[in-house]
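Let me give you the structure first, and then I'll get to my questions.
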Amino acid sequence: MEMLKAILGEKLKAFLEEDVGLGDVTTNLIVPPEVKIRAQMMVKESAVIAGLSEMKVLFNDVVGVRFRCLVNDGDEVSPNTVIAEVEGDGRAILMTERTALNLLSRMCGIATATRILVKKIEDAGLNVHVAATRKTAPGLRYFDKKAVIIGGGDPHRFRLDDQILIKDNHVAIIGGVGEALRRVHSSASFSKKIEVEVKTLNEAIEAAKSGADVIMLDNMGVDEIGEIINALRRLNLREKVLIEVSGRINEENILEYARLGPDIISVGEITHSVKSVDVSLEVIEVVK
Amino acid sequence: MEMLKAILGEKLKAFLEEDVGLGDVTTNLIVPPEVKIRAQMMVKESAVIAGLSEMKVLFNDVVGVRFRCLVNDGDEVSPNTVIAEVEGDGRAILMTERTALNLLSRMCGIATATRILVKKIEDAGLNVHVAATRKTAPGLRYFDKKAVIIGGGDPHRFRLDDQILIKDNHVAIIGGVGEALRRVHSSASFSKKIEVEVKTLNEAIEAAKSGADVIMLDNMGVDEIGEIINALRRLNLREKVLIEVSGRINEENILEYARLGPDIISVGEITHSVKSVDVSLEVIEVVK
Amino acid sequence: MEMLKAILGEKLKAFLEEDVGLGDVTTNLIVPPEVKIRAQMMVKESAVIAGLSEMKVLFNDVVGVRFRCLVNDGDEVSPNTVIAEVEGDGRAILMTERTALNLLSRMCGIATATRILVKKIEDAGLNVHVAATRKTAPGLRYFDKKAVIIGGGDPHRFRLDDQILIKDNHVAIIGGVGEALRRVHSSASFSKKIEVEVKTLNEAIEAAKSGADVIMLDNMGVDEIGEIINALRRLNLREKVLIEVSGRINEENILEYARLGPDIISVGEITHSVKSVDVSLEVIEVVK
Amino acid sequence: MEMLKAILGEKLKAFLEEDVGLGDVTTNLIVPPEVKIRAQMMVKESAVIAGLSEMKVLFNDVVGVRFRCLVNDGDEVSPNTVIAEVEGDGRAILMTERTALNLLSRMCGIATATRILVKKIEDAGLNVHVAATRKTAPGLRYFDKKAVIIGGGDPHRFRLDDQILIKDNHVAIIGGVGEALRRVHSSASFSKKIEVEVKTLNEAIEAAKSGADVIMLDNMGVDEIGEIINALRRLNLREKVLIEVSGRINEENILEYARLGPDIISVGEITHSVKSVDVSLEVIEVVK
Amino acid sequence: MEMLKAILGEKLKAFLEEDVGLGDVTTNLIVPPEVKIRAQMMVKESAVIAGLSEMKVLFNDVVGVRFRCLVNDGDEVSPNTVIAEVEGDGRAILMTERTALNLLSRMCGIATATRILVKKIEDAGLNVHVAATRKTAPGLRYFDKKAVIIGGGDPHRFRLDDQILIKDNHVAIIGGVGEALRRVHSSASFSKKIEVEVKTLNEAIEAAKSGADVIMLDNMGVDEIGEIINALRRLNLREKVLIEVSGRINEENILEYARLGPDIISVGEITHSVKSVDVSLEVIEVVK
Amino acid sequence: MEMLKAILGEKLKAFLEEDVGLGDVTTNLIVPPEVKIRAQMMVKESAVIAGLSEMKVLFNDVVGVRFRCLVNDGDEVSPNTVIAEVEGDGRAILMTERTALNLLSRMCGIATATRILVKKIEDAGLNVHVAATRKTAPGLRYFDKKAVIIGGGDPHRFRLDDQILIKDNHVAIIGGVGEALRRVHSSASFSKKIEVEVKTLNEAIEAAKSGADVIMLDNMGVDEIGEIINALRRLNLREKVLIEVSGRINEENILEYARLGPDIISVGEITHSVKSVDVSLEVIEVVK
């Protein structure tokens, strides 16, 4: 996922403005305007790197200094790896430091958490996709979803308008999965996939027969999910739908779910409870 | 910290727009426009609540439905507590659900993590402030800092323009803490506090003597910090400055630092590595 | 498709501001501030109405006067039908008049053109969807797509991020439909439908076999399209994919294409070459 | 009319963002980031070209690829003319394609329709200006008006603040053309022209005598307009005012009106019912 | 000039946000959220009031407290006049105080300065309009121009697009007033007035004969202006054009210029060098 | 204070757009697009220059022409000094002229007025800081504060969130300076200075003893202030606080206040009643 620089730049400018306010009063008092510096971005812990292409746009295009990547987005690095260098106007680099690191360390955190889950499944020889949810930080949907992709995950839908997903609250209002599916099938755009959250085997069967593209099994126990998947197989309905499993799945229990053979396991935690990766920016040279 | 509703509303509208896009295609197909619903927000785990006043502005002022709090920001709740009810246009409530929960669960997460640290210190009978840093999610500075305050913490500076904080990179460029302090003292606005990160006892002494308001001891070991604080006491300089301790401090080790007698312990983790609190919104009644 | 009022209001405010500038110099000189008026919106020609819910938000929520619909979005009206009344502050209504009519008459124009095509197909007893394209006026995507839906059409994808659609330029760059499909299938999100533009029967077969959800036959003659559809039927591939036909299809020739039995016919003209419906706003009473 | 690039660029960025959303999911999956392409913009039908200077800003300044015009804005081209080439980053060009063409084809459509009317009048040896109205698509005022100018038309007023135009609704509220003119003459800025819509010869005479700059004859029959113009001539008032004729005038009937000798004929249709010109962008070379 | 509240409110919100930042840290610490207050706006010196309708929108519509005017925009008040009362949420009123007063005191300052000039001319029995220029504070064009109107002045053109004004730099580039006028007359929109700055009597004559609507005599001495006006009278050209005189005209010397009989005297000082009127907001009651 | 160019550029673009509207209709008619010009900015009166770094960003980065400073921000110049040259696209320079001069002449005016006060105090051999207030023009806080700094003044707080300042209205609501200070001391962030406006000696003593950082003596007579400062000295409290004096202090009376020995004298007038410095931009060469 590579955004047009001009659009990405607007978002990054807004982030900068939030942190800078009327100016970096410390830097402006201490660092003379003509000072040029060279600095390094170092990752302090094992991590999957994500956010470097955002850093390029931030430093090169928005701030106007030189940013050079030493690794690529998606690379796994060991602790204390220098991942990039930035060189240019000293004041500008210091004013940008915190905004840059806040974004980068969050994106690395998401990519790293995603990769751990993806690898677990791969290492177990299973073929299940790890997907994100819409549980992203407000205003950061693009960055959170992109980091998931870099980590090897599926971004899932981007917002309320790009896929049809019938959830418990829809069913609660309209009275039944069947009625919800009927309304959707009669009027939905052909361009959207239709997913429906089901609570029982009967609902799962109804969904699969009606032509839903994806069935979501949310907040169910491992046994319950297993039974539904097996029943769908017996009824020759398994191949007609994708099955997404969701709800409090994490590093500890993901393999239990993955072994049941769903197509997708979606995990809110990778974006709603991000553990930032520790990255620092250190001045290594004052360039006269 | 209570923001003017009109200003807060603008930010919340932008968050909504990010999640809604051109519209909630599912809800629009399933829920007729005249349906009114009543729904509850339930917190699934122990938590300190933060974000309710934002929810009021979001639901009442921006979206135009009725939102009623059952607890207050700052309250500690046990698992499965209903904290609020929302009632009104069904489509509007469902379109707002995810944006609302994403913000609320993050703010609760920050307030809860902050409170845990604050309590630990209080329970040990110590008098040290827990402070946030500028390590907040881009675009969410206001919300992250507010949640820290609700949790009982000190928000620390809001951005680069509201306090002078001389950090390692400033010193690296200018060649010494002394020179940095000199430049700052000669030109800084009287309205700003001056804080300086020091690496040695000598720098600490220099800072205290020069009239710095706050000394930051960043990424130092417990012993080193203890020695500096004790030396400042012996030299009758301790009372002249506030001392802030920072750097990889967390729930496990915070008391070790607190017992050394600093004024402030700042913790990046409470905002850069937020564990969201699990909150759900469930429709409990379709109101004809 | 019903947008949250608060979000829609922002767009409408921007439209108003474009037309008002620093103020309605004429109205401010002539109409005293205390004058209240009642005015009617009249449609001068046969039309399908679209845009009334936007007018409600514009007049009621943004401008703060009373707007009352006399018909509904989607209704077909005969010439000289009064479709709504607006009552309140005279200056405000006159300042809003042109912006309101410009949006409404465009949306009615799109809905009317769409309905004509949809009816043609229905009247011929065929079951083919009429879809829009992304050929909408810049900045008006939401309004143009919504008007298509009101007219009975399928909005098709909203933008570049909500469906995968491999077009001729993609194929030109990568060297073949097959290679393009391979790349997409290996990495696309499960949440997106995959559509591919094909130029030959072989490409169509390849697409259908590879698991594409939709095949687009763009700018082909009626005969060519017929042959491809028939061939897919013979090969039992017809049911595996949706077929979209596109390219200079209009009121005159749409039935020729519809009779070939595609699933969707997409028509750029309904949004890129809109014939506005003639709507006026006339003051009918000065309310003291 | 040549806008500052920086201001124009902001508008174009907003258009791009509307179409791109979180990213071009298709292009990002298929086209590797290092691919450079060369593409051509071809006009498929006879047209007056308008929008090339916007394309330059869009491609060169906003998107950062090379755009080279082969014709100029205002040129008349025959079908299948290559009007421009664009070369650079493949992903960026494909992400921009639709936004670019949507704007360009609309502007060409407006310029072409305007030119047809202008030529008709010129070919008849008449000296009457063809003018636009404020019936432009919301958000596109600048582009629509500019295309009219390129087509040879007069843009008329830009918005409600740059000319005084007393219309039927003003008169309806205040009770008479005379009273409206009195209010305007007593307080209007000297910097604005004053135009007034009149319904009768007497009103026309009153307007001309009072010092109005322009009289508008709106939605009147050819005979009625002829009588008024002749009467004004007889009374030696013709030279004191400009006369604008308006109301359902189109290619078919414009000469009838033009022959009556007004100064301006304004035509809503050229902007409110735009027939887009068919323009395509085709990749012609993959540049390694 | 009365702007739509919704548009005005957006500008006022941006002003508020500039002053409030992340919140009024003082007020939030001291004033409990439930406190309601009543406060008065008092003007400390003689002034013409302007900005009350902006205050209404700010307090009533944006901030949501009750604002009641005791005088009207345009009224002249003596020192220590209470001009308005505001009542409601205490925090909200204090957060708004400075933004409100900054705008109001500037607008009053402009209106007062304008009125003084206007009165001077009226008291001398002369009939010359006092006009503003485009020398307004960046971002405040609307407010500055409106205050001029309230003071009794003519706002002159709003920006570069609403009148044609050929100035010295245009002439310097193109080589002569005559050539500039020729280009303008051949292509300008009929909807715009044409004004031209002239340096000599010959240029003035050329301008008047060519059909310019307004002649500007900028930075000339009183004698020179007198000669040109008299010469135009002798040549029967005086009635064909409006004459605007400009350049370092102020309270002291305005009558000298006015007695020469121009139509307009424009004065940059009333907006570029505003002396704010002293207005305070004082809490007079804490309403439980 | 040096803002990131990218952030500053956004503000300047908005200023430009306000003045340009849909385009510079005069320049576009007269100046051909290929014309390049060279122009000079000349200051007509004695002044302290401020705003040149904003001009650099405006002309170089936003507008894309060459801007070269001949003096520096902060320099004092004599009348008729050429301070900068600009060279490039003729249309672009003329479209930018007024916006540029409006900002520059205001900033020079503020810097000049500030410098006069600062020099007065220096020349009297006193050591008191001249500070600004929040009485800046709405939307221009950054520019007004920066001009104060260039003039040699202290910017004081930037907005409501960067310092705690207890004012008369806070005290009026809460009932006393003591109670206000208590609330603030118990909960304020360590990162903010605490200032309190006092009305009596007793309040001053209370404030100094409680640990306030700054005491403000607002709108008091010279004698009263003298007594309070002397009393604080006698009580050995003078060194514990900074003393700010404020309220209708100007060039005439500032030394009377300065001789009393406060730390800061704040003056609203330097930003709320700006006398713009006369600066012009003149085309000196048409570069083919």
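We just call them A, B, C, D, E and F in the order they show up, numbering each chain from 1.
Note that a residue touches a chain if its C-beta (ideal position, glycine included) is under 8 Å from a C-beta of that chain, and two chains touch if they have at least 3 such contacts.
The structure presented is a predicted model; accordingly, all values stated were derived computationally and were not measured.
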Third chains touching both chain D and chain B: A, C, E, F
Furthest chain, CA centroid comparison against chain B: D
Cα-centroid distance, chain A relative to chain B, in whole angstrom: 23
Centre-to-centre distance between chain E and chain D (centres being mean Cα positions), rounded to whole Å: 32
Centroid distance [mean C-alpha coordinates] between chain F and chain A, Å: 44
Numbers and ranges of chain E residues touching at least 2 other chains: 20-23, 25, 95, 141, 158, 161-163, 189, 192
All pairs of touching chains, each written as two labels joined by a dash: A-B, A-C, A-D, A-F, B-C, B-E, B-F, C-D, C-E, D-E, D-F, E-F
Residue ranges of chain A touching chain C (in the complex, touch as defined): 129, 131, 154-158, 161-163, 189-193, 195, 214, 242, 244, 263-264
Chain E - residues contacting chain B, complex: 9, 13, 16-17, 20-23, 25, 28, 33, 62-64, 91-92, 95-96
Chain D-facing residues of chain A, complex: 1-7, 10, 141-142, 145, 158
Residues on chain A engaged by chain B in the complex (per definition of touch): 14-15, 18-27, 29-31, 35, 37, 39, 90, 94-95, 97-99, 101-103, 105-106, 109, 134-141, 143, 158-170, 172-174, 180, 183-184, 187-189, 192, 272-276, 281-283, 286
